[in-house]
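Note that the chains take the letters A, B, C, D, E, F, G and H in the order they are written out, and that residue 1 is the start of every chain.
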């Protein structure tokens, strides 16, 4: 089993962090993982993305041209990565910033208004956690507690933030599960 | 009469112009532009004195200052 | 130690600390600035010293000075920065000083770009500075291996009194993978009875690479040569993939590219095609014999590089015309994909039929 | 309808990659305005550095060459010595000019190369993500001095124009700032003067521009301007430090405009 | 022009002037300081400009700037100085600018010595700076040829928009021989419609080696590769000695060493032993085919170098295992003698009997 | 029998390769005397340059390392930062220190490396046969300025200690001469003081020594001394330019000895 | 009484010492030493005042100054 | 026919110059020539030498381990080069500075007190020309006028010096011829 997911959006949206949380959770779950960021000047003001590979054998290429799953936090990211997804993959769309529908019909789509929900949770910057929750909710690749643990560890020194992020994560999870896996 | 135009999609929302306008007639919009920035806009055009300070402070040359009729040049630039 | 998810660059920094290195001199450059950044936080905490040099030229000479006192010392950089160190590295080799250098290669030539590349292979294994010297060059293919090879690199540098380069690319440097640190030194190392520590109760020591007399300079070069021959005997390292099953095409690739080829090999296996791979870990000394042997079992060899073809010369020098050698490469930060490699293997194998 | 302010001809309409609020953009515009006003655009060759302004060549509407990190003065020397008729300028950051490029800077200044240097001092390495520069202020946090610059191990920040002013040769050395319009006005005068020096055959001119880096300073653009005013200007006093007439008493730029 | 007895270094300087070069930027270093010294006298007299750079780092970037204006420009140095130019040279190659560089090689590594050596072969042909670039490398074996190759070098640099290196050693640089200057340019050259001359009446031009986008940077590298392939088709140069008579050993040697081998071949001929020699004149592009062909006629090949063995890799890449390849070399300024070479040939031939 | 003057212990008995009359020999002796007097020979590491004094390591009786041309301050930095207990000094010529090594010199001084630098200014490249140095005087003939240094193309000679004195960090900057005994006496005081600074934990000290090069100046030793006195001292004024106390008024070395 | 000794084969004949001796009691010999130099020698030993100026001026440490009995130190060195 | 001659002595004795004159004369005579100096730090204060090869075919190695002829202007040079000369070669010894005899008996030896004769000619620095004359006088490898011409050309702008040097050259020539070629 191997899952590749690209998490993409504006720089500053916290995509790198949720990718890292996913990878950490995978590692704790005893799987092989890799996390690869886009880096360099493309990041400045533009889009940022990272690729996480989770596998039950050593990860070959950590860069993936055709990822199975995509979390798209803004329109340019959706435009860029939707076409290259593998059929049958999971696509999370941040509907707060993307007002078009998915154009692929061979992937599982999950739309969450991540920014709005984050605002509702009391922290506009937690949209990434909502998206992570939504992704785990629909793709279900790792046990929820692993992710929660990873969040807790990361914000160990800021329990306030941990709580907030866990809440946002839970909301995303909920929403995705609500949408069901069969969403096209 | 002076006329200030902000290039909506050229603006990066840095707020330098709003900070320097002596007339306080520049403000950030609530909308975002094509690049994802909240852009500056003129709130009260008639009060503009054409001092060009906003344009001088703009790192992105997103402001143009024109003038109908007599133009005062408050300082050399 | 428990596994930790770490960026390659940070793992490199930590591995140096674990290897007993307490001194870093270097200059920021993408995609490796995380090494100095990490060490600027960590070194003071472990009683070490972090110095941001004014340039790579200075950095390469600072590590010369530091190594001259018998201290383990690290510098890291990326392609253009390594070029600026050429003279310094040649001096370090000529002075027979142990240092570890890291090159997180980016696309070139010139300012190029910052994406992953392997286009400094020639520079690392043959060129760079002037004169008859060689670096011992280690090429990791994962964050864990990067950490391991840093530890090993310090040992080998001390073993041979020779600069060691660990060469990766932006993918190795920027990627996070689980990593576990091993204890170092591992090897039995000679005493540093040449180090400059003040001439208290002993004769004054000199460290130099200047020998105005041709015979003396030749003697240095013969000593170096003997060292390189010893490396070739004792410290050639490589790994293989899918060779047990038998194969008609052998892939030769190192570092990042080898991982991509590994995925390609997996894809091919799924389709019933068996392809073997040999991955040089020491780029110098190069595993000529191992590559030659592995090639014998194949009908053709495919070299895959993120360059316009640099390691291929070493593959040719291994195979010496006994098998056809194909090349698949990209340059400038374009990373070959497993699919491309699969494609290429198919077309090579198609040639067998005719 | 009269135009009071518009984009200078020497500036392309290409949008820059600079972060919001980054004053690199202002300095670009000033240089372009100077090229326009002195009518030398079609005669100018710029040299871009390695640093955030590495892509300056996309933004100026004149010939440009990219130099290696710190070597812009050497590249400019090569150009000007082969084509003395061209107006040659470099545009360099503080890491580029004052760290790795120190030797080239001192020597181009001291040989009296007939070039003009725009030196953007933002007290940080912008492009590579906020490492310490030779101009980073004492106590200022950067990614390679996470507890703030310690003058005991990293020394005091280098004041470049003062350093160069101890050389006999260079013609014009000035420091300006661009974080508020009133400073920008003076900055422009200095830049125009520096170009004029070259056109009139005088040697090396440098205009050091104090500039902000909101991204790596970790502040908003407006806070950055305040920070510059409060922290940089006291350490980096503004003014003309050296003129072709040899006067080295610090004068306000304004009094220099010709 | 009449023949004149001139030092190699001075002939190089004069040849540059004859080739229309009016600009020199460089830094003194033995054994080539006579080039800058000569040009500091001569250039002002012909309306040119001599600039003593503050360092080789600066010099390499000054020539980049000068070449960017479309002007013919020269720098000269010796081994450590060339190392310092590595970054600059990589930029020049990446910017596709024509310059001529001279390396009067001295013994290395490090400060080494100032006696003749050929230990920068790898650096010149493969290494040096970072990235997938190559210099076109010309290796004269006499003062006359040094002068000729400087002229040709300027033409080739312009033809390919690529840096050209003329590589010699202290013997070539310090020796006096009769020399006659030929007119230049000889080749039909493309217009310099890329030069920075001020954007009067045209679009602004940019000269850069920065391509942040991988595909664009790869495009540059593919363009460079095509150029190198064209060089290999059109501009491989070599000469042969005593090949008409038939031979059982083929010597491969270049530059100074080839002259020594020539004397050895003459001595052997006196004793009735016929040995052939092929002398690469372009070290890059290397005359692989010619060496391969010449080797076919022999039973063994002997590579002679003033290094611990660098060109030998190219000889191996030519011969590809078809003939045994022997090596005779000295390093650090020790010059092989004709007698040694004779000796070596005898022992190789003794092996044939068994 | 009492010895009034003899070879210092820190100097080997090896004969130097220096030309007759060359004052490199005097400066060597002064450094050795300072090491003796301060008792730090067994604790010292010297860094030799590339220049006529490249073989200095054969002449001093203490640990030594050879640096690349111009990079001695970087090498010294590497040594001192790893072994702060050692007394580290560089010995460099004007080509080495002020031309190719300018960046390393400025930055080592500015970081405040706790090293001491002996700077031998003989206004020429000695080792390579008399090329122009950054310190060659206007009009002075050298092999790469056969008609004499032209300040219009090569700029004015660099006054290194004055250049460095505009930096905040360095502790001690002095210029001395060694062409006559009375100057040698002052030179020695400065060198001893510079070493003492380091021993007492103070940062960067430089002593610039005006020195002669009869061979490449094309004069006898005696004429060289006169030439130095007449031509170099007026352009390169002697004295202490900066002290740890921060006083930067030029004082005679003599008044500085502690 | 001061005593000055010149190391004959260590001397390179530069004449610095002869130039600085206040007593003018140093001169160059007409012979050459092992290295091919005309070396310095003391012409009138008793007149030596032990001032050490010759030794201080000698780049090759070829001069040694000793003293029987009371030694005057004219200056610190 | 090929002749190799090493001219060796102290730096400053003008060996490089007479080597060059010889090579120039050879070139003018239509022969192939090379001139190779020793260079670098060995030169400072120490000995200096140059090797001239004159040949009727292109010169192979310009460096010669066993030169046919040697002009030794001081003792270290004689010590260094006498043993490596080819049998039958010509050895010029500057007897003004060398007070030992030649130890080889298989070479033609010519002793000239070059410095003394130069002094007699009125210029102590012309000892090199005396030695050159002696060498040409005994080895006779080039027509005398060729050398004279080369001297004239070299000192074209200083006719005074040209005259002096020619005179010194002639005196050397004379002395060598006086000694005869058979000298052992």
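Rule of thumb we're sticking to: a residue touches a chain if its C-beta (ideal position, glycine included) is under 8 Å from a C-beta of that chain, and two chains touch if they have at least 3 such contacts.
A quick note: this is a predicted structure, and the numbers were derived from the prediction, not measured.
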item	value
Steps needed, at minimum, to go from chain A to chain G via contacts	3
Pair of chains whose C-beta contact count is the highest in the structure	C-E
Centroid comparison with chain E (C-alpha atoms), farthest chain	B
Cα-centroid distance, chain D relative to chain E, in whole angstrom	40
Chain C-chain E separation of Cα centroids, rounded to whole Å	28
Cα-centroid distance, chain D relative to chain F, in whole angstrom	34
Interface hub residues of chain G, defined as touching at least two other chains	12
Shared-contact residues (touching 2 or more other chains) in chain F	19-20, 54, 66, 68, 99-100, 102-103, 107, 111, 127, 134, 153-154
Residues of chain A engaged with two or more neighbouring chains	40-41, 45
Residue ranges of chain B touching chain D (in the complex, touch as defined)	2-3, 10, 12-16, 19-20, 37, 50, 52-53, 55-61, 63-68, 71, 73, 75-77
Complex contacts: residues of chain E adjacent to chain H	3, 5, 30-31, 113-115, 142, 170-171, 174-178, 259-260, 262-264, 266, 335, 337-339
Parts of chain E lying in touch with chain F, wherever the complex brings them together	27-30, 33, 36-37, 40-41, 44, 50-52, 54-57, 80, 110-111
Residues of chain E touching chain C in the complex	57, 79-80, 82-84, 86-87, 90-95, 105, 107-115, 117, 119-120, 122-123, 126-133, 208-222, 224-225, 307-308, 310, 313, 316-317, 320-322, 330-335
Contact footprint of chain D on chain F as seen in their complex	99-103, 106-107, 110-112, 134, 151-159, 162-163, 165-169
